[in-house]
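Here come two complexes built around subunit A, the first alongside subunit B, the second alongside subunit C.
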Partner chain A sequence: MTDSQDTSILDGLRVLEIGLGVSAPYAALNFAKLGAEVVKLEPLEGDPSRTHGPFPNGIKHKEKSGLFLAYNHGKKSICLDLNISQDRDKFESMLPHFDLVIENQNLGFFNDRRLGYKKISSINPSLIWVSILPFGEVGPYSQYVADDLVLFHMSGNAHGMIGPVDNPEVEPPIRAGGYQAEMVAGLTASTAAMVAMHQRLKTGKGCKIVVSGLDSMITMAISGIANSAFGQQPTTRELSKEKGSSIGGMVSAIGGVLKCNDGYVAISPREDSQWERWLELMGNPRWADDERFATRENRQTNVSALWELLTEWSLPRSKFDIARSGQEKRIPCFPVNTIEDLLADEHLAYREFFVEIAHFDAGILLHPGLPYKLNNTNIPQGISSAPRLGSHTQEILERCT
Partner chain B sequence: MSTVEIIPSGALRHLRIIDLTRVWAGPLGTRTLADFGAEVIKVSDPRMPLSRVGKVNNKLNRNKLNIALRLDKSDGRDVFLDLVSIGDVVIENFRPRVMRNLDITYENLLEVNPNLLMCSMPGFGLTGPYSEYPAFGSTAEAMAGINSMIGYVPNRPLQTGLSYADPVSGLNLVHAILAFVRRRAVTGKGSFIDLALADSPLGTLGEFFVANSATGYEQHPNGNRHSEYAPHGAFRCFGNDQWIAISITNDFQWEQLKDEVNDIRLESPDYDDISGRKVNEEAINRIVEEWTSRKDAGDLMKQLQQKRVPAAKVSNNLDVLNDPHLNRREYFSHFRISEENIEKYDGQAIPGNQKERSKWFPMRDLGEDSNTILVEYLGYSDDKYLSLLEQEVIS
Partner chain C sequence: MGNFPLNGLRILDFSWIIAGPTAARHLALMGAEVIKIGSSRRPDPSSRGAAFQVYNQSKEYCSLNLSTPQGLEIAKELVTTCDVVIENFAAGVFERIGLDYETLIALRPDVILVSSAGTGHTGPDKDYVAYGSLLQHYTGWNTISGYGKDEPIRGGLWADPWVGMELAMITVAAINHRMKTGKGQYIDFSMAESLTASIPAGLLEYQITNQLPTPIGNDDVIKSPHGLYKCKGYDAWIAISIQNEVQWGSLCKLLDIPKILNSSNCSSPKARQENKVEIDQEINKFTSSLGNYEAMDIFQNHGIPSGPSLNISEAYSDPHNTHSGYLAPQIYPDGATRLMPGMPWKTEESEPVHVIPAPQIGDSNHRIYMELMGMSSDAYQECIRNQIIY
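== the complex of A and B ==
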């Protein structure tokens, strides 16, 4: 390919992020990774995510927060106090120098400071302004407060998350790890901004877009909502009432996770032919011919007994060995990878997925790269580390005033 | 009042997408492009009807035209090349060898369309040791580290029924396509994008990679709990399988919650700060749940929200569908399937710049647009169309 050097996809695009925590910072990061210039406006005390861990050895330090460093690399930091009029003037003078603003302040934050969209657009009519709110600006819940946990559960994703359980009364719906609802809102916001950019290419005009975190999460749900829903009864969370062999936290004839001597392996020998090959892989144990496991239906009926026998076999073995032998026999399976496993994974290493960035205070850190490559080349090349609080204030203000 | 102009045919009305994707991630991505006015031509295999059972296909394939075409026949491949010559973007999510066997590569396609943008999105990307591995949602999410962080207890990871990697990849696809279309507008250059489905969710676990590479930190499943805050979880409410999610992350919220629960046992000075509440999480959870278990989840949500406490009734699919907030916001989309039957689907979470709702249309049948596309778009004669039909190249 001829343009492997030309990897700055959004070169020349200028993004101002006024973000707190996760969603807006993640949205802006999606632009930074593609080569846009991203300036992060922080209050004097910094983005609150600077106070959240994980921290090295559990010791708090505003330049060493794992959460902050992970979603703010490739950005510049400017500190302004939008509660005082001098800084608001500076903020207004910055606006003509940006194409896009992404923010997730509380509802009313900008109106209360006389920085409503009407004023903003009179200063820069081509500016695209993207707000992220948990429930949007309108509707009965618009004044409600929510965070990641609340949105995940409210969206139906937690209810459908792990499928049916033995006893729904003691095993509540649960959320995924990390801040997934915030991530989804952020990704939705950056996509909304990208759509607006295409509109602007045609009209030259900016716009204001308000992304709802709840709407964003509902669009993510498939099995939990769409499969059975849209007018039908909700999916059961009670295993004994589950008719089919759905995938879930519990095991089924379709597959599940097996305990090994070094963790777990996820296997899915669902078709009869795959099941045959799976038995071969186990060295055709004595129970292989058992009528109880002869068909997919029978395996579902006797799933508990089956899983006990499988676990007996897997327990002394390594999840990596089982996964490798399974894949050789074309059976879908993978180790249940931990973060450490992933950092050492041969496939991700081959594809150079992780990006190493040196940070002034926190040392050399590994970041997930973009999930795609351009013409077989990795895109984020030479991306800078997360900024120290306010370290570009002077530089940005000099440029804008 | 909306501050976004309604664009009659959407912000992406200039884009034509040739869509070979199937299952979920790809179709969700191309549906998003279609909702904003891109003309998406879904290329289906005439031997594989689109099931309307379970409604997942209906959900994912609205606003797309459908041509049924045998890519494995040489005449079919020729039709495909003609189609690519009038398109802007080709998107596919087969396993890598499928496209190689069909002899449909980016290099071939450039010959008929030199500015083409193409995206391949197999499970694990086009290169590397796992590239030919099958990517079922349930095992791919194990690979992607998702399972190792879901569960009630640290040492027992659970699978999800959500195939969570897919929708995240679908959105990443849209973001990438639009970035590269913009780049093409500036530089005139097409591009080839190799998007690995399993890589997308890894981008949402950044803090754990950063922390592990700094100090070996490892995150374990912790149910609904938070590593720093408590109470933080789903608490039982009155009724069968009814729950409320409550998240207390500062002292103000704690004081508000305490006022509502009104239980002397919560007055302990040990619970006055964040770290004290985390240490005593079990005891606090028991007291809070004693209280919530006597309450209706919906009423309790309103009560706590009035006091600015982040709380929500844990919704199932039907709750979501009937939710007053979502309905007031006109989040859902409605399609009249027959005289008496209107189906309700999820809407488009990305607001603004959409194709006008009155122009949205439900999933087209297999090959419903084959004639239009061949005759009107590609200028084939009726004879040629009929002959392709007869040879079962199209349907």
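== the complex of A and C ==
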């Protein structure tokens, strides 16, 4: 369907990432995956994610760190030490050659090095500069320091991550895995940058955008924010006090996970018609007529007893079989996949979601591709692997001086 | 309507529930004119709750019965005036209604159609019935979170807002592409893939180590100490994350625990992880007599990354979020003033976000059908009588 002379959606866009860890590197990765040229500026010792791991056979190697490889393919790497004036000059000479900068250095990093936005914009007035800061530049916490753990917990998202617990005084709320607070800040920065590019297409002018990591995470709790604005209290984390549905998605009569012989299956036959079909799937067990399970409300009230009966049925069965036959009856249910299951998933394979990338040192690895198909533009084929530290320094500087 | 970055764009929003409406909401806050289309025949399920008020801020809202031929014709006429069409029905539904991409480009050749579905619009499982909460299990997102001991975690309501932001991003990218090339776009979006793409490190960890990632809850692979510590008050906790040796030094000084500091056992994060029980005990001893905010101020004044673990209502009430301008007062039709969210970034070069309260279904009927489309008063009344504008 794609026209062969089409270019990719961000073709010709030049992005400079001055990122550490996850948030800014992920934002820049979104641009690389859509066809922009992304140059990653690293300190001499490299992005700290190069030392994070995991490493093959547990042997440290700055080109083989899993965390680094996950967020930096499709980029070029240039090494500069912005603490010395010579390299700052080089940095300034690079600025006219870029459209967009994405950075997540500590507050004040660029001002302290006489590279404040005023100066930057005088060098390149059409440059878009996106800063990611934990608390933004305004407000009582703007000088405070925070990372993924702190932001996840301050945003209100952690209390709904696990179901209610026996004793909230002993079992704390938890954050999600995979540095999700940083991911959210990165995705938000990508959106903000696209909007700034839109404005630049109209005016020719650049701008500076400050993304707040905390506000980005609160935007993820958008439903809870609305509930709070209208005076609704969040549900308790204490199991004995839990009654109905809550901010969380997996709640008793609404749905939950069932143990199977090969893991778990997640089911949600929440509407009465779905519930009827679910009972059919189970062969209409005798207890189905029980008054305790007759309505959604009753199922909610007697959810423990219900879940025991359901588990009795699911335990000797496979999560994949239950999900497949459930979906055949239009019941919302999915296997709880491990990473191994995902990589073998036929549907994702059909959509060619995973992308194989060969890295000089780390070998061939499957990465997630773009979660959408576009009909009128090329998705860059054969995206390059994550760069070796500083491997494009000379190339970039020659082009810019 | 002010000077907002997406001024001049018109978006026809057929989406419902959470993910699609949230994406359109973001675009509306940035100045796009978003016309939400719904019908009393099949009301948006989210309109029952308060959350609707945020998913649909700053939108126009028209009623239209797409199951009638005339309703469909009105929708098609609207498409000719719109830059973007957003929908998030189950795969195939929009086509069955009669608004497939081929039809839309015949009406408006450079239209951008954003179609979001649970597992996308191609492939063997495209018709799978999906909820965001289930997709979090299907995509591995939940399996990398939690304590890793018992059953999979619940996972919160994560999928839809995450997808909402990613949809907004790619929609604006497609709009920009059109400005440069004149070409529209069909975006076949998979919520499942969006979630899996948000755990790239977990996917690589499995391939690099041949072991499934183990959820580590509040712990960290590298940093230590790193976790939640009990404060004074019911379910009150503070999150503390020590990123480097300077911060570790500050913590030891603050807690007055030289015996730990002096111990060579604790001179690296790895060593501290091995002595986690003893160190955590010391920190808990210090925090348990403090309120969570009090603890944050003390730790932050010593340069230690920290903050209270809040439930959503507490996060909503946190003074930072009003001082930063993220939450701003809005006057509602019931006369009440409520703090409502904007967008999570700021720029000096343009006005703050365009926020107005969410509409009710049909609020914009007159304006859109008569003023914008030029429908006569008689025709308009007849459409209402015949349950076409319905």
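Throughout what follows, the second predicted complex is superposed on the first by the 362 of 401 C-alpha atoms of A that agree within 3 Å, B and C clash if a C-alpha of one lies under 4 Å from a C-alpha of the other, contacts with A are read in each partner's own complex, and residues count from 1 in each chain.
Note that in this section contacts are C-beta pairs under 8 Å (C-beta built on N, C-alpha and C of every residue); 3 or more make two chains touch, one makes a residue touch a chain.
Quick caveat, the model's predicted, so the values are computed rather than measured.
On the superposed subunit A, the two partners subunit B and subunit C do not both fit; they clash. Of the two partner chains, neither subunit B nor subunit C is touched by A:G382. Residue contacts after overlaying the shared chain place A:G108 against neither subunit B nor subunit C. When the shared chain is aligned, no partner comes close enough to touch A:P96: not subunit B, not subunit C.
When the shared chain is aligned, no partner comes close enough to touch A:P285: not subunit B, not subunit C.
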